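Going in written order, the chains are labelled A, B, C and D, and every chain counts its residues from 1.
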Amino acid sequence: MADTLLWVLPLVPIVTALVMLTTRDRRMLSAIDIASSSVLLVLALLLAREVRASGPRAFGVLRVDDLGLVFLLLLVVLTLAVSIYTVGWLRQAVAVGNMQADSVRFYFALVHAFVATMVVTVLADNLGVLWIAMEGTTITSAVLVGYHGHHHGLEAAWKYIIVTTIGISFGLFGTVLIYAAAAASAGAGAMSWSAIMDVAPTLDPGIVRIGFIFVMIGYGTKAGLAPMHLWLPDAHSQAPTPVSALLSGVLIKCALLGIIRFQTIAAAACGPGFPTTVLLVFGLISVVVAAPFILTQHDIKRLLGYHSVEHVGIVALGLGFGGPVGTYGALLHVVNHGVTKALAFFAAGTAIARYNSRDMRVIRGLLGVAPIGATLLMLAALSLAGVPPFSIFVSEVIVLRAGIGDGHWAAVAVFLVMVVVIFAGLLHHAGSMAFGEPTPAAGREREAWSPIVGMVLLAAIMIALGLGIPGSIDGLLRRATEIIVD
Amino acid sequence: MDVGSGPSLIAVLYGAGALSALLARWSGPLAIRIGHLAALAGAVVAASVALDTLLGDPGRSIIEPLPVLFPFARLSLSIDGLSAYFLLVISLVAIAAAVYGPTYLRVYSPGAGSAAQGVQTFALNMFLASMSFLCCAGDALTFLFCWEGMTLASYVLVVSDHRSGDNERAGLLYLVMAHGGTALLLAAFLALTERAGAFDFASLRAAASSLDPATRTTLFFMALGGFAVKAGVVPLHVWLPRAHPAAPSHVSALMSGVMLKVAIYGILRFAFDLLAPVSGPLPPSWGWVVLFVGTTSAVLGVLYALQQHDLKRLLAFHSVENIGIILIGVGLAMILWRSDEASGALATLALTAALLHTANHAAFKGLLFLGAGSVLARTHVRNMEELGGLARRMPWTAGLFLLGAIAISALPPLNGFVSEWLTFQALLGGATRVHGPGGLVIVMSAAMLALTGGLAAACFAKAFGVTFLGRPRTLHAEHATEVPIPMIAGMAWLGSVCVALGVAPGYLVALLDAPTATLLHGPVASAVVTARGPLVLSTALTSSGETATSISMTVIAALLAGLAVAAWALRRGVGRAARRDAPTWTCGMSPSSRFDYTATAFAKPLRLVFEALYRPRRQVTRETAGTPYVLRRIHYAGEVVDLAETQVYHRVVEEVSALSQRIRARSTGSIYGYIGFVLGALFVALLLIGITYR
Amino acid sequence: MSSETVHAIIDDIGALLLFTMILIVAAGQIYRAIYAVAAQSLLIAIAAAVLAASTGNRDLWVIAGLTLGVKAIGLPWGLHVVVQRMNVRREVEPVIPIAATLALAVAIVVMAFQVSASLGPIRQAITGNALPVGIALTLTGVLVMATRRTALTQMVGLFASENGLFFTAMAVTQGMPLIIEIGVILDVILAALVMTIMVLRVRSTVDADIADLDRLRG
Amino acid sequence: MTGDRPLELVLLELTLLVLLGPLVTGAIQKMKARLQCRQGAGVLQPYRDLAKLLRKGTVQADTASGFFWAIPILVLASTVAAGALVPVARLGPPGFPLGDAVMLLGLLALARFLTAIGALDAGGAFGGMGASREMTVAPLVEPVLMMVVFSTAVAAGTTELGALAAHRGTSWFLAWRAADFLGFAAMLVLLPAETGRIPVDNPDTHLELTMLHEGMLLEHSGPGLGCMMLASHTRQIVTLGLVAALFFPVTPMGGSGALALLLGVGSFAVKVGVLVVFLALVESSYAKLRLFRVPQYLGVGFVCALVALALRIL
């Protein structure tokens, strides 16, 4: 049963993408969109139950283990939320003229192609397939980023394509080197991750070290780790809201999954010390680099883009601190940040639609005009800033605990200072938007229901994860951590 | 009622209050009243739980595990003597606020939608719940959750009427500083949990016992930093005078009266319980730093309060002063604890003084803020210069405000004097016990404490005189009327607490046995302070330990009452002489409200005396009619600068924003930069690999 | 053919590849750059052929043919047509002076050899200098992309970097699995296609060249 | 003689203080007049003023609130209560726990606080000015007074005034050490400030700019003013009693009984007499200081008190 699930999962979005091309009617397209996302979710849950029952399953180049499952579940949940959100958002976008009526079906097709490539990335066992799927995500999302067609959109898409393609080619170079090291002992199956993992301790540390550096830079560019992060704010701010939610919420995480895959190999080959130090350095740079841009930012989506850089940095820090606690914290942070960042982008999207301006100085008094939207925006901002009742605080505490445990006092100190500084910046912006007198530019119409439903779904998950980690998710995260650290 | 079910009952009540408040949007004022009623019930139950623990045997503490939320941490509540006492203090003021709240919201903002008031009531219940459970937290994670929950709830309350810009800025500054404090706290707790392997306090205590002195001191100062931000100690007090006035008055009463005390609870829990060495005295640096910080906070707090003309800002600055006084007591207790075999009684005396002042301050500060709230509810004006003559129009509020003013200025018959007297005795005892320069420092802080008492009296003479007495200066004051009964009831409850603690403090000291036992493990509070019966306060000064000085507040109160009756007879005069009213004598001119002494004028001499600290800036413009000798109007604008704020905070904020502006300006948008960075990163990484693994 | 001679040939081809890389960096005219890339692809096709002959691995023959067909002839011809019909400016506008780029290229080569030296003597013997050459080619290709203004020269840089990658894959592992190689080539073509579409759309909608697209900053 | 003072003795001393208060003021005024070579009013003049005032009618400001009427009562009560803490006839702590020096200073501060409130209530400029100036000097005086009390308390081990006097009473004048001299000097600096006399405040004038204590009494009239005047006389003698208890060692030894009481009161009268002469001399030989020079003047007192305390502790 699991094997059929494995190859059906990527097929579902591909088939939907093709079906999307056939119809023009917007209502029908949204219906198909939601239907396929819910089917995807159900299949993923079935797969999860299957894996929990009988351990990792492989089928050809695809393989699903607990680590992949964490990212798969995050992907399917966010896809469902995005499709719910898109219903209301699309009606408004077409009305305003941001989106031409006839290009809607291409938009949906591209989104589902994008989701398909991400599913393959998450399930890929063969490192080559992983790379090709990564390249696929770049191309589909590049077109989506530039979908609005105006000057900024094209510029963002152009930069996105060039920088990530270079990054990916470095990634490929690293994969080649690791394959070369593995080919000597593993023979034909050298490209499959599980095969390499079995033979990893015997690999030549020199080659693997260089390979890991190339992969770290390559997939790090895709993940938005500093100093390769400069494309991220442009791409995430110019893309349409649902796409930027997917980009920030899931795509970054898939790149991180790539890094984690290679980290396990490098840890086995040249000792855990090397990859954790590299991750620690990149994590710290990302957390530090994001701060000044968050403090003096005026564009709300760019603010959220830079904030994603900071949170990727935190995940890298978690992995860098290493050990069962640090890795557990990093994986939890991946899930938390994915959910919260998507909610933040949705709330920001509705705010921008209402004021049809991206500048935070224009968006004022949102609480007066759109109370539900404003409260959700404040909830997301507070959660992103790491305030307790929400989930991100829990994962930050675990990462901090790991940091203090291994005595990385300097890194912990920098991390704490930066978290407080960015907390101040984020709250200042969120507060200035939510409170105060609404400016005349504010649209007074009622709030559409579908974006609210999508946002409330994510907010519920966020608060639930904040108040307590349910047993099943905790078990999943624990088993995933064992794969990485064992 | 067995204590075990107490905490869960408190949680249920506050939760019910919070949920019912949320229905306010549809059911209007009824839901708000229910919300406050539930809060009242919760507070009463909490008070009974606290009393029950305090009056039981001191050593006992109830451990109650909470449902398992997080796999890696066992959440639990543990109520020992210290937490019970602070729970009692919280419930004390919570009862008054719950009674006072609904009518205040109705009177102060009749127009405001019930939804906004619903949110306020929800946040109030959450605020009370998180504070109560913070004091009974049994492990680090519950402590941190309640700590930030308290900050968040109070943030929502501070920005509750978000129409005015500075409320929002005040809220932001408060949240950021509180978060900074929590970050420090988080680091301190995590360092301990890392060694202990678990989150609950018992294992933390065990882990802390094996700490080497250096880490123990760094951990303590990190925790102290975190708590000092929340307690509003001088260098970190900047958020307090902005945040407290922004909240609705009954919430300001809670924030000033009680929230600051929770930070004191944290300091005590860390200093004497978690980080205390198993045997032998605390590291000396702890006590001296806390004493020094307490003294500076006391003096600077009252000095800045003197120059404020906004009633609620003045009260907020006074909170800084009173926290300073409490910290003087705590610091002294830290210095004297186990310093030598005979100093146990003195340490207990110092700690009793601090804990007593915690309760006293909660009572009279709550009363004063509720009084200011009543004035605000009727006149919608906070600036004293626009009030005046309210005593004739609001007799009850004026009377109770005067009661609070006398209490806060530490004048005899009331509770302020009791805790200040005990602090003086502890300071005197400490000075004799600690020889060498340390004794002189203790003596200096005693002098500063006396100065603070005097300045507080001056400040409240101004506050009460200018606000309530003389002629009404504006129409707002002219048309003020007395506030409805529930508001007076809230104030009267706290007023009666002040009088009771003032006249018969012995009974509260009995409640202090449990906290002093859990913390100091030395002679219990009642053994030292009320050795000669509940109505007599005595202190052990001489080395032989027997009680040297003892006073009886009850006898003094009786004496005052008797003499007042005699003076009243004298005041009636011998014959039935006539009594008539005449305008006040103003050298023959017909008196108007412009003749009255304004707050600025009242505080001017002191502003000149303490000029170095205030650095007053003033700007006088003269409007002349033709010749310079005919003045039509003089406009005076004076402003006092808060040193800590201008020197430290403004400079830091400007520095950070300028730096980030420069960085942002330099980031080019060109794609070459982007590729260059990627290439550069790879080049440097490979270079480092080549070098390190040669 | 014995393995030592194969190693010798691979090392010589590596040296030649380095030389063509210097040509690309130093190219002032676009045509010169295109021809250099074509030469590079040709050399790699020869290396693939040599390796195929020595190891008898049939896939390598397919790869050699593909490289020759697509990369040595197809893409340069495509670029040539684009340059002619789209009246793209002939000279290459560098962002930083060519001398500086050359200095950086030398630094990259030195670093590449320093890194491979860190592998330890035995490992170095097996791969010969294929690894350092591969690293140098890839990084210099990206350097060209980073320091040239027009979109076309950036594509040339991309192809050069892909060539470097291809050469390493073949030399170090004696032939990657076929589907991976095919996948890589497909990706390069697809990336080039999307880039040309973007260039055309930017030119048509905004009539600005790729170079001054730097409105999004900070 | 030492031994505890039962309740009746304390009440007796209390009434004695209240009755002797105006006499002390009368004596000071008489001595000042003599020093200025003029006749001056009789020593019993303050009693006549009080009697007159108690019979007169009251003219009250129309804007004053209910508090104004009660202020004289509370001020008089708290000042007289402070008197109960001063040992007059017999030294030694009272039989039942009553209060100590800090309580005495607190009661005097309460009286001053209520007077200031009363001054502001009438709503004129002079009341406000008097209150503001009084409340400027008061916080500067209190710490110094506290330091002086502490310097003797450290030696005696208690702050209870009777015990302090008993401890002082036994040692003859020559047993004074440097700390006692400095403490006494500080006290002498403070005395004019506490009793509202020349260098700090001018009791005889009605010129708004110079009067501190008087400014607050302007609006009171009739029996109210009488009570306020009586309170200020009592305050003066209580302060003198405090100084006598803290510093003057001359106390005849003797058992209990009427004779001993008379001896005790006599020695108290002599001590107060010495201080009266000092006050009169100071009043007639110095000019009033400008208000903003007073902190400097009190600074001298503060330094003396601090050094006295330092000598005791180090």
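Methods note: a contact is a pair of C-beta atoms (placed from the backbone, for glycine too) under 8 Å apart; a residue touches a chain by one contact, two chains touch by 3 or more.
Only a predicted model underlies this, so the values are computations on that prediction, with no experimental measurement involved.
In this structure, the chain pairs A-C and A-B differ in their number of contacting C-beta pairs, and the larger number is found at A-B.
If you average the Cα atoms of subunit A and of subunit C, the two centres end up 31 Å apart. If each chain is reduced to the centroid of its CA atoms, subunit A and subunit B end up 44 Å from each other.
Rounded to a whole number, the gap between the C-alpha centres of subunit B and subunit C is 70 angstrom. Chain geometry summary: the mean Cα position of subunit B and that of subunit D are 35 Å apart. In subunit B, the residues touching two or more other chains are 664, 667, 669, 671, 675, 678-679, 682, 686, 689, 693. Along subunit D, no residue makes contact with two or more other chains. In subunit A, the residues touching two or more other chains are 158-159, 162, 166, 170, 206, 210, 234, 293, 296. Contacts between chains, counted with the stated touch criterion, involve the pairs A-B, A-C, B-C, B-D. Of all residues in subunit B, those touching subunit C in their complex are 664-665, 667-672, 675-676, 678-679, 682-683, 686-687, 689-691, 693-694. Only residues 68-72, 141, 144-145, 147-149, 152, 159, 162-163, 165, 167-168, 171-172, 175-176, 179-180, 183-184, 186-187, 190-191, 193-194, 656-657, 659-661, 663-664, 667, 669, 671, 673-675, 677-682, 685-686, 689, 693 of subunit B touch subunit A when the two sit together in their complex. Per the touch definition, subunit C reaches subunit B in the complex via residues 95, 107-108, 111-112, 114-115, 117-118, 135, 139, 142-143, 145-147, 210, 213-218.
The touching residues of subunit D, counted against subunit B in their complex, run 54-63, 65-67, 72-74, 76-78, 80-81, 84, 96-100, 102-103, 106-107, 109-110, 112-113, 116-117, 119-129, 131-133, 135-136, 138-143, 145-147, 150, 153-154, 157-160, 163, 218-219, 222-224, 226-227, 230, 291-292, 295, 302, 306, 309-310, 313-314. In the complex of the two chains, the subunit B residues touching subunit D come out as 389, 391-392, 395, 398, 402, 406, 409-413, 417, 421, 424-425, 428, 431-432, 435-437, 439-440, 443-444, 446-448, 450-451, 453-455, 457-458, 460-462, 464-466, 468-471, 532, 536, 538, 541-542, 548-552, 555-556, 559-560, 563-564, 566-568, 570-575, 577-586, 591, 593, 595-597, 601-606, 608-609.
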